[in-house]
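The following pair of complexes shares a single chain, subunit A, combined with subunit B in the former and subunit C in the latter.
Moving on to the complex of A and B:
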């Protein structure tokens, strides 16, 4: 196991080099002037771009530029974000917890709904509920995130007025911005508010997450539902399930303890893809619900042609995905002892 | 050859072809008894008809009429099947036909009555109905071309990888692992931002991350069939490797490829629409569903007290995208059930 983790961690630099190299080569299609934006550190420097082109040799061959650029990245300089008016690294640090919180909370309904409905569908195979979940999941899977988000926004914000866009209500936002004794430990509002003993802020933050989380969850849980159904049907047909039944174990115990546990293994494999889906979804969802995370920033940066920000975001997400896939693989080994990491 | 299924002697006599035909009949029965599969077929055919007859069912904008070589006197000739220009508009419409008709230039959307159009206009006076119908052509174009490119890259890399093996195989497959784990929307965002907004660049940007599933599939098939007797004998006969792939390996892999391709067309169109929605889509005014929703972004909510005032701006394009993707997903699912009976348990 240990050597497996080490080997997978060694993949990180490979991915890093691959992604950055691809980006640098792609960037060669831009003019040196546009490329210089990725090196700028502050607002004032934007006026000194010709000097920057000179200083960083942006008219040199690509491999020289690549080397120098990597050096910059290792010093923690990812450029200046025109969109958020601060260094890219600062924005990544500030906004990542916001998105992480949203994604972590979204995983609960994605897995919960997906596994429950998938199980129920398998146990009611070919009956009404099975057909029903089948239709629901294919529609869910076909729903564009942005269309669902817009429709939810119109109904639950515009019409019913139950939820608001944004991350927190204005009255709390003012309080959080001021030095009012609220300490940010993790920059995730739900955790911080509990640590500060502020249940009102906790509930308000949670309420603001409902629409984005539902939007993310509908699309992603559809996929889990399908896989759960077919893998549980697979498991129910196995010999050990028949043995358990023959022993006289109650049906509930057989499905819960014997079949479902084994059926969860493919679901765990899939969760790596769910994570990728969530990252794609977060860019759209945060934009629609005005949720101040990484996705909203990246979408705004892309429309602004703010190269530095989008590249920073792309490198960051690529690293996150590799890291998360590593977690999934390790989890996979814990759940399924048959897996050997040779 | 009346009823193969019930005549055992006939089946014995012409064993190979008739059992294959039996298989085909069974497959077709399973397909046609599945209401969801039929719904998928109906949706895809419906959209195909909409795309083909786009010039016939819409009022073409002036620039498009001019580019078709029509003048004020005969400007409706494109609706007349006896005229050559009718067929020209269908087979090879000039690029200008893809720019949505404009009814006025105001930023505020107008409903069907006010704008005297079928479904109303979106921000900028663009006719929603025109955009939806011609957007179908765009969707087919994007979906089919992207899947085509991804398929080509996948077949080349996958079969080379399976055939050559060794270090090459290892490198290609690790590369595939990396690409498959990149979020497609983020990659497309970077590529379109750098290359600029256009429908061609969107297709390229999505194809960049769409090929790994085909590569894995082809590699698996090559590895599985490489040692089969008919493949080794084809090689012994001196057949070129390319020929073997085309003649023996591709036909065997066609089932799973069709499933993946059909499901991919749906997801490719979704990614393209998402890009357009974010403002990194086709050129402004190009008939494209995602862009239509993007135009309506500031008009999602009506004035206070009337949240559904501009409902048509996001409802129609949203519904059309949903139905298009649903059609392809249902079709892909149906293929999967038919071709891989295991998944239907």
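Moving on to the complex of A and C:
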């Protein structure tokens, strides 16, 4: 197991170089002037373009620019994010917990709904519930996030006034800004508020997460639902399930202990990627609900051609994918005793 | 299972049941887009930063309500100017406290102005706006060697003197070139007065000759003042967070406590989210991307749309390039006057410019594109500015006149041979695109041998193209930095002005008036000179001013004291508003 983990971790530098090199080369398709112009926001600032090219060495060959950036990275400096006007590393540290908090809360309904409905659909194959879940999953999977997000916002914020966008209500935002009495231990508002004994802030933060979580859950659980259904159907047709039934075990035990456990293996694989997808793919959701996480920042950085931020985000994403893969592989071994790493 | 499900539902309802408090009564919430770039006035040159800086810092003079040509005492209570216009003596306000608790005096004015001149940030405004006047050069700090070749410590040290000592309340600003626009320029946020003691304590420039060179062109975004503020403004910065700015009233403000205790700027990229927020009362004001979105808010309870004939201090214009670089230039065809292109001096012929001006339907543009909410400009300057000539005639759609001028151009050769070229705009800017397309469409009626195509370029390519002087005709604009006609006239019309690098504009009659206006201090006399430029604009058509669209504001109806000062990044000072 240990050597397996080490081997997987050795992949990291390869992924790192591959991803960053691809982005650097892609950026070279733009002329230095084009890249410098991304810094310019008004007609007044046009005159600064030559200075910007000079300052950032945008006319240097790509390998020099890449080498310069790589040198910084080895010194622990991922560069400066123009979008968040602070070092990229600081932004990642600040925004990642926000997105992670959202993703961790969202994964609960995503898996809960996906596995439950997928199981029920498989057990009721070709009956009404099965057809219903199929339709629901197709709708959920094909519904554009921004459409669903805006609908939810209009209904639950605009009409009913139940749930606000943003991360926290203004009155708490004002209270917390510069307040010395509230300690941010994890940068996750729900956890920090509980650790500070502020149930009102905890409920407020939770309430602000409802709409983005529902948006993410509707889209992502559809995928889990489909995989769970087909995987369970496959498992239910296996010999060991027939044997279990022949032994006279009750249906419930056969399904839960024998079929579903095995059917969960592909779901585990998928859920690792769903979590990564939730963390890295919440761009639209965070933008619509004005949720200040990684996705919102990455979207703005890409629009601004913010070189350092895009690279920083890409590295972070690549690392997340490698680690998620590793985690899923390790989980395999726990769920499925047949899998060994030697 | 049933129990836990019920408990889950109950907790969900509990959460949902907590009524949303609207924006608190002592708090002003503004939902906008475009976050600040910096809090350092020497680096800021954008409305996002300006909107905060103009409320947490102060300048020597402040704007008086809506008036852009009236200045009221800010940190200065009065001033006098020497006969040669080179020495300006400012009396400073007594007992003004910075947010740090320090007391403002001459040393702060001196440090602030010198800090701006030394850092000369290429992305800021200090070198561009004041370099010529207090150092005799607009060189910025991006090229340290070039800067040092022109600027010495003695020149920097000479910018401000404190005749009553550093803690005195008289500051003398010395210029090397006079300008009648000094007070408007110094009212721009770039010339905010900073807390020198506090800045030095926190590792900023110590203000001495020994270290000044270390600060030339320094990256100010990595410095303390980028994120931290100690100004004299009515509000102090509490937090500049991930997606919001929070400020609170400064209890020791010299002008008395403002009515609003807290100000929250929330940066919300999604327009529909902002619209819902103002409807729900979670925002007291929102910014909309475009006028068309107003239709979603008309009649919404609690929401007021203010449309009071306000116009922004900006001008969009169609520029003619007097000296086009025709080499390897696809936009000028053959580069010759042979019917398949245009020569480099195509727009240097005044009859060509006049003819193109008659292809543009000014009133029609206001009626159809702005749905009536716009104003035709007689010259390339906002109407509220000193010297704007409202009586100057305007060339508008007149195909007969256009034909007459085309026939006269190039001694008749143009009419015989015809021409073709491409006019440019930046992709996505529909106003600029439409203005050019109207002219191209109308040109077809004049002469079948006249062909003008219109193409949009990505912003970066567009800038490059115009900078290389390869764009024969292009639509671009300018937003005011300071409330003085020179900010537009010199920018657009001066043969050494900002746009001359793209247009090679050269109209000697106008140039003579600009040179004269630059040296006259009397506002009345200057106004006459600029009005004359307005008249000459009609005759010479150095550029074609596109009508300006009326501005608006969307606020909650309990917000009081709102006004529209087009020179302020956020239209009004926070200290002037209140909530019912």
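The rule we apply is simple: the second predicted complex is superposed on the first by the 298 of 342 C-alpha atoms of A that agree within 3 Å, B and C clash if a C-alpha of one lies under 4 Å from a C-alpha of the other, contacts with A are read in each partner's own complex, and residues count from 1 in each chain.
Note that a contact is a pair of C-beta atoms (placed from the backbone, for glycine too) under 8 Å apart; a residue touches a chain by one contact, two chains touch by 3 or more.
Predicted model only: the values in this text are computed from it and were never measured.
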- request: Considering only the touch criterion stated at the top, classify A:238 as touching first (subunit B), second (subunit C), both, or neither.
  value: neither
Task: For A:30, decide between first (touching subunit B), second (touching subunit C), both and neither.
output: both
Message: Quick check on the superposed pair: does A:139 touch subunit B, subunit C, both, or neither? Answer first, second, both or neither.
response: first
- prompt: Does subunit B (first) or subunit C (second) touch A:18, or do both, or does neither?
  reply: first
- request: Mind working out whether A:269 is in touch with subunit B, subunit C, both or neither, as first, second, both or neither?
  value: neither
- prompt: First (subunit B), second (subunit C), both or neither: which does A:318 touch?
  reply: first
Message: After the superposition on A, what does A:287 contact: first (subunit B), second (subunit C), both or neither?
response: both
Message: Taking the superposition on A as described, I'd like to know which of subunit B and subunit C A:307 touches: first, second, both or neither.
response: first
Touching partner for A:154 - first (subunit B), second (subunit C), both, neither: both
Query: What is the shared patch of subunit A, the residues that subunit B and subunit C both contact?
result: 30, 150, 153-154, 157-158, 287
Message: Quick check on the complex: what are the subunit A residues that touch subunit B?
response: 11, 14-15, 18-19, 23, 26-27, 29-30, 125, 134-135, 138-139, 141-147, 150-151, 153-154, 157-159, 230, 233-234, 237, 272, 276, 279-280, 283-284, 287, 298-299, 302-303, 305, 307, 310-311, 313-314, 317-318, 321-322, 325
Message: Could you list, by residue number, the parts of subunit A that touch subunit C in their complex?
response: 30-31, 33-52, 54-55, 80, 84-85, 94-95, 98, 150, 153-154, 157-158, 161-166, 169-171, 173-174, 177-178, 203-204, 206-207, 210, 287-290, 292, 296, 300
Field: Complex contacts: residues of subunit C adjacent to subunit A
entry: 12, 14-16, 18, 20-21, 23-24, 27, 29, 35-38, 45-46, 122-123, 125, 128, 140, 142-143, 221-222, 226, 238-239, 241-244, 246, 248, 262, 264, 266, 268-270, 272-273, 276-277, 279-280, 282, 458-461, 463-464, 467, 476-479, 481, 498, 501
Query: For subunit B, which residues are in contact with subunit A within the complex?
result: 36, 174-175, 178, 181-187, 189-195, 266, 270-271, 273-274, 277-280, 293, 300-302, 307-308, 311, 314-315, 317-318, 321-322, 325-326, 329-330, 333, 343, 345
